[in-house]
Each structure stands twice: as C-alpha cells, then as structure tokens.
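Each of the next two complexes has chain A plus one other chain: chain B in the first, chain C in the second.
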Partner chain A sequence: MKQGDTHEKVMIEKVDRAMFVRYAGASGDFNPIHWSEDFAKSAGYPTVFAQGMFTAGVLGTFLTDWVGEENVRRFRTRFVGQVWPDEAITCKAEVTSVGEGSAEVKLLVTNEKGEKKIDGDATVIL
Partner chain B sequence: MSDWHIERGKIWEFARACLNSSDAYNKDDAVIPPTFPRTISFWTQPGRGETRGRERMDMRRVLHGEQEFEYVRPLRAGDVLTTESHVKEQYEKEGKRGGTMQFVVTETVFKDQAGEVVAYARGTTIQTGKPATS
Partner chain C sequence: MTQTASRTLAERLQEFVGKPYGGPTVARDPVNEPMIRHLTDALGDRNPVYTDESFAKRSVHGGIVAPATSLQVWTMQGLVPRRSDGEDPQSRLMSMVDAEGYVGVVATNCEQIYHRYLRPGDLLTVSSEVESVTGPKTTGLGEGYFITTLQTYRDQSGEVVGEMRFRILKFKPSTPKPKKSDIPPPPRDSAFFWEGVEAGELRIQRCSSCGTLRHPPRPLCWKCRSKEWDFIVASGRGEVYSFVVHHRPEVPGRTHPFAVALVSLAEGTRIVGNVIDVDPSDVRIGMGVELVFADNERGRTLPQWRPAR
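Presenting the complex of A and B:
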C-alpha cells in the first residue's frame, strides 16, 4: 500500500428498505424514521432512509475487504446526506499517507449521481 | 458500568446486516466489524452509553452527525467489556432552515476483562431546529 493508491466498488446496486430493517434488528437502532413510512412522513421526509450507521457499516465492509478485518485501528464517518431506497451506493478509498506500520485512508460514499452521503477517514495497520 | 459480552453470533448477525459475509466474522475468535461497538448504546439500559444526553430529544428531529471508533487492539468474540461514557462537548448553531441546532458529542471508553482501555467511540448527535420539510 502506498500514497495515492485508490480502491472503488459499487457496494449496493439498489438500496432496499429491508436492509434498514435487518440493520435495525442487528444493531438495536429501532428509530422508526428508518422503517415506518408514516413516521418518516410525519417528520417531513418523503420516505424512510437508511440509518447512518448502516451505510457506515457497509463502508466498513468495503474497507475491511480491502485491508483485512484485523487491520482497522480507527474509523471515522461524517454523515453528509441521507441514503434513500432504490439508490446505488459506491464506496471509494484513497491512501493519503503511509507511516511506519500504518496508513491513513480517506473514505467517500456516493450515490449513482455522485451525491455525497458520507465522508470519513481511517487508520489501518500494514 | 455494565458488562458487555462480545458474542460470536451477534458479530455474524451484525456483519451480515452490513452486507459482509467474510469468514473472519463467523468463527470462535471472530474479530468485530469496525462499527460494531455502536450496538452497545442500543442494548444497554436507558441513560447508558451514547444515548446519554438524548433522552429529551425529539426523535423526528434527531440526526447522527458523525461517528468515530478507535481501537487499541482488535476486539473479539469472548471479550467482556465495560464502558464509561461522558458528554465531551455540547453546543448550538443556527440552522440553515431556521431554528437552533443542538449538538451533543459523547465519548465512550471501552475497557476489557483485564481492565485495559481497548477502544474509544465518539459520536455527534444533532437535534435540528424543526422537523425536516420535503
């Protein structure tokens, strides 16, 4: 791994709301805004949207597939935009610096239109 | 403080929910996925973990702004952790759609069965000035 290395993958071809329900069960985040159409609309949203941590978890999958499950020492995500049903989700990573035994990686999640959903960064050991 | 047992089955269930089917998450000494400690805030008692400071928030107006995890070592099935959380920062900003946005930054420190600090979680929760309008 060297500075400037990049990695990119379409992680979800079509976001399905069943993914939000499954993540709710696995994580314990049962905020109804992610699975109840009525509740989401009462809050002023057009429909339900993904838990930020679901999308962050998918980004984590993308990163560990690339660098190894045991090698992530820091993982930060900033939630910029909601992820909606039927969107396609792409994850991108770029190595910004390489130090002694570890590297810093910049992370990005976008939809099929290039709209930013998450930006973040991680420290991985080499 | 309350004990949090990291369980193999829960790791696998969580990994699958994050669209991950790596065998690394489906064995006796399975490592946890990077965002797994977030679950602790939802499975511990009200008022514990990162839910602290959110009790009076209106869930229609709550957004998760940012989340960071830092690991001293990989955490695995079989680890028994205790947590201590504190509000690190609390501030307000004027929202773009009007109204005041409240920010709460909490930090949770995880210690293992040997009493060593093994991980940190830092989260920012935002309560918007008014519910979203489409």
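Presenting the complex of A and C:
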C-alpha cells in the first residue's frame, strides 16, 4: 500500500428500505424515522432514510474487504447527507499517507449521481 | 428566541461538558454469533471470519470475531428503552434543549477506535461523557447545538476494547409546509362530518334511538348503545368549556402560541377546535364563541372558533 492508492466499489446498487428494517433489528437502532413512512414525513423528511451507522457499516465492510478486517484500528465518519431508498451506495478510498507500520486512508460514500453521503478516514496497519 | 435566552442555554449546557452522560450500562447480552450473523446479513458483509468457525480458526483472530463497526450495537437498549427518572444527565440535557425548541435530532459524526476485536462471550459495559457542546449554530436543518459524547466500552475484565465519539445536532426544525395530499381520507364513520365541513355545516351525530348527541363521530351511542344514528346541523354558537395555549413543541407550519379550546355547543355536546382571531392570552373559560370555517396550515378547511360578535 502506498500513498495515492485508490479503491472504489459499488457496495449496494439499489438501496431497499428492507435494509433499514434489517439493520434496525440487527443493531438495536429502532428509531422509526428509518422505517415508518408516516413518522419520517411528520418529521419533515420526504421518506425514510438509512441509519447513519448502516451506511457507515457498509463503508466499514468496503474497507475491511480491501485492507483485511484484522488491520483497521480507527474509523471516523461524518454523516453529510441522508441515504434514501433506491439510491446506490458507492464507496471510495484513497491512501493519503503511509507511516511507520500504518497508513491513513480517506473514505467517501456517494450515490450514483456522485452526491456525497459520508466522508471519513481510517487508520489501518500494514 | 432572544439572544439572551440563547446565551443562557449555551451557558447552561456548558455545565454538562466533561461530566458523565450515561452509564455505566452493561449490555443486555454478550457478543453472540446469532446477532453477528444478523449484522453481517444486514450489512451485506460476507467475510467468513465473522461467521465460519473453521475459517476464523485459521485466521489471525483464531476464532470468530464481530465486525469492528458493531462496537456500539451490543449496548443498545433494544426496542423498549429502559425507564428513566428523567434525572440522569442525558435526560436533563435533552429536556433542556427540547424546552427551548431544539426538538429535532440528527446524528452528524461517528468516530470509532478499536483496541481489540470483540469475540462471542464478551460482555460489554459502556459509559459515556459529554466531550463538548457548541452552539447555537446555523445549519442547513435550522439553528442548533452540536453535542459530542465520548463512549468508552469495556469488557468483562474492565479492559477498554473500544471508544466511540458520537456527535448529534439538536436543531429547531425549520417549518416546511405540509402538502394537502398528506391529508388522509376520512374514515367511514366520520365521512358525514367532513362532507358537512365541505358544505359549510357543522354536523353533529345524533342517536336515532335516544336522541343523544355525540362528537367525535363513532359507531355506537354511549348512552343506549344503539348503532342507529343521524345528524343535526349545529347552530355554530357555543362557549369555551376549557382550553390550552400551545407554545411547545412547535408544530410545523403554525404560528405560536395558539389556543385550542373544548367548546360546549349550544345544542349540548362538546367539540375541540382552534380559537382564532383572538390573542391566545385573552381566551377565557365561559367565553362565547362562534363557528367559522377556516383553513389550517395544511390548507385543510376545519371548523374553528372565534369570539362571538
């Protein structure tokens, strides 16, 4: 792994609201804003949207698939925009620096239009 | 909201910084393989080190581990949150910002640091403290406060296994205009009422057997249990039986405060409605009111009330 290395993958081609329901059950985040159409609308949103930690988890899978799950030490995400049903989740990574035994990786999640959903970074060991 | 009040809230919120926020809370269940499978299914993660014992044995972990990003999952409260007496720091902080109208909440940042991978059988305990509170700040969602908490996860032997810095934004929702199409169609029992509203009539259900009036519409007479009914058209005269003046939480699209009254109709039953064309602080019990059909913030015509002329 060297500075400037990049990796990109479409992790989910079409987000399905069932994914939010499955993640709610698996993660214990039962906030109805992620699965109840009525609740989401009453809160001023057009429809339900993904748990931030769901998308972060998908990004985590992308990262561990690439660098190996045994090598991730730190993982930071900033929730920039909501992920809506029917969008794609595309993950991108770029190695920004390589140090003594570890590297810093910049991370990005976008939809199919390139709209930013999450940006973040991680520390991985080499 | 005045500047002074905002500053006061900001100052009061600083008192939480550096102090415990929640916990220590022990996970309901140890890290376990069924939940790991649910998680990896939900995330679409097919790495066999999380699910295949023989594969995991040959890996650097020497056995099944949980995905690192599941750190915060194990100590979640579940579908039925634990009861709080409202005196814990989290409840006090949240009610403090809610009370000032910052009722919206959205997660904005999450940083996790992994000290070691979690294995089935690990029983986590989480404790958290408030790292910082900043605001009020203008954001795309509305004015709000960023609240950053630091969660520390320990295993059954007290060893720190991970840390999470989590930031939420508590904001004053800007008030989008709800669409008329959001209005549900009336149920069968109350269709006559809404048809009356369209026709400019306040229709009140009447039992055909005993003549008792009832509102809101329902299928059975509360007095004689008859299912037979017709309706009368109310005169539109009444008086305030009781009322509230609503300040918070803010209702999207509405101007605050507003008065909602339980109105005794001249004909004899009572109905809930907004009192308009009056300063809410001037509404009184016993005040004479008259019916007016007016649109609400969703553009729906409703029977409302104004001081009798």
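Going forward, the second predicted complex is superposed on the first by the 126 of 126 C-alpha atoms of A that agree within 3 Å, B and C clash if a C-alpha of one lies under 4 Å from a C-alpha of the other, contacts with A are read in each partner's own complex, and residues count from 1 in each chain.
Note that a residue touches a chain if its C-beta (ideal position, glycine included) is under 8 Å from a C-beta of that chain, and two chains touch if they have at least 3 such contacts.
Source: prediction; values computed, not measured.
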item	value
Joint occupancy of chain A by chain B and chain C, clash or fit	clash
Touched partner set for A:Thr61, first chain B, second chain C, both or neither	both
Residue contacts on chain A - larger count, chain B or chain C	B
Which of chain B and chain C A:Tyr23 touches, first, second, both or neither	both
Touched partner set for A:Phe39, first chain B, second chain C, both or neither	first
Touched partner set for A:Glu69, first chain B, second chain C, both or neither	both
Chain B/chain C common contact set on chain A	11-12, 19, 22-23, 25-30, 43-44, 52-54, 56-58, 60-61, 64-65, 69-70, 72-79
Contact footprint of chain B on chain A as seen in their complex	11-12, 19, 22-23, 25-33, 39, 42-46, 51-54, 56-58, 60-61, 63-65, 69-70, 72-79, 122
Residues on chain B engaged by chain A in the complex (per definition of touch)	10, 13-20, 22, 24-25, 31, 33-35, 38-39, 42-43, 59-71, 74, 131-134
Chain C-facing residues of chain A, complex	11-12, 19, 22-23, 25-30, 41, 43-44, 52-54, 56-58, 60-61, 64-65, 69-70, 72-79
Of chain C, residues touching chain A in the complex	35, 38-39, 41-45, 47, 49-50, 59-61, 65, 67-70, 72-73, 76-79, 104, 106-114, 117, 173-174, 176, 182, 252
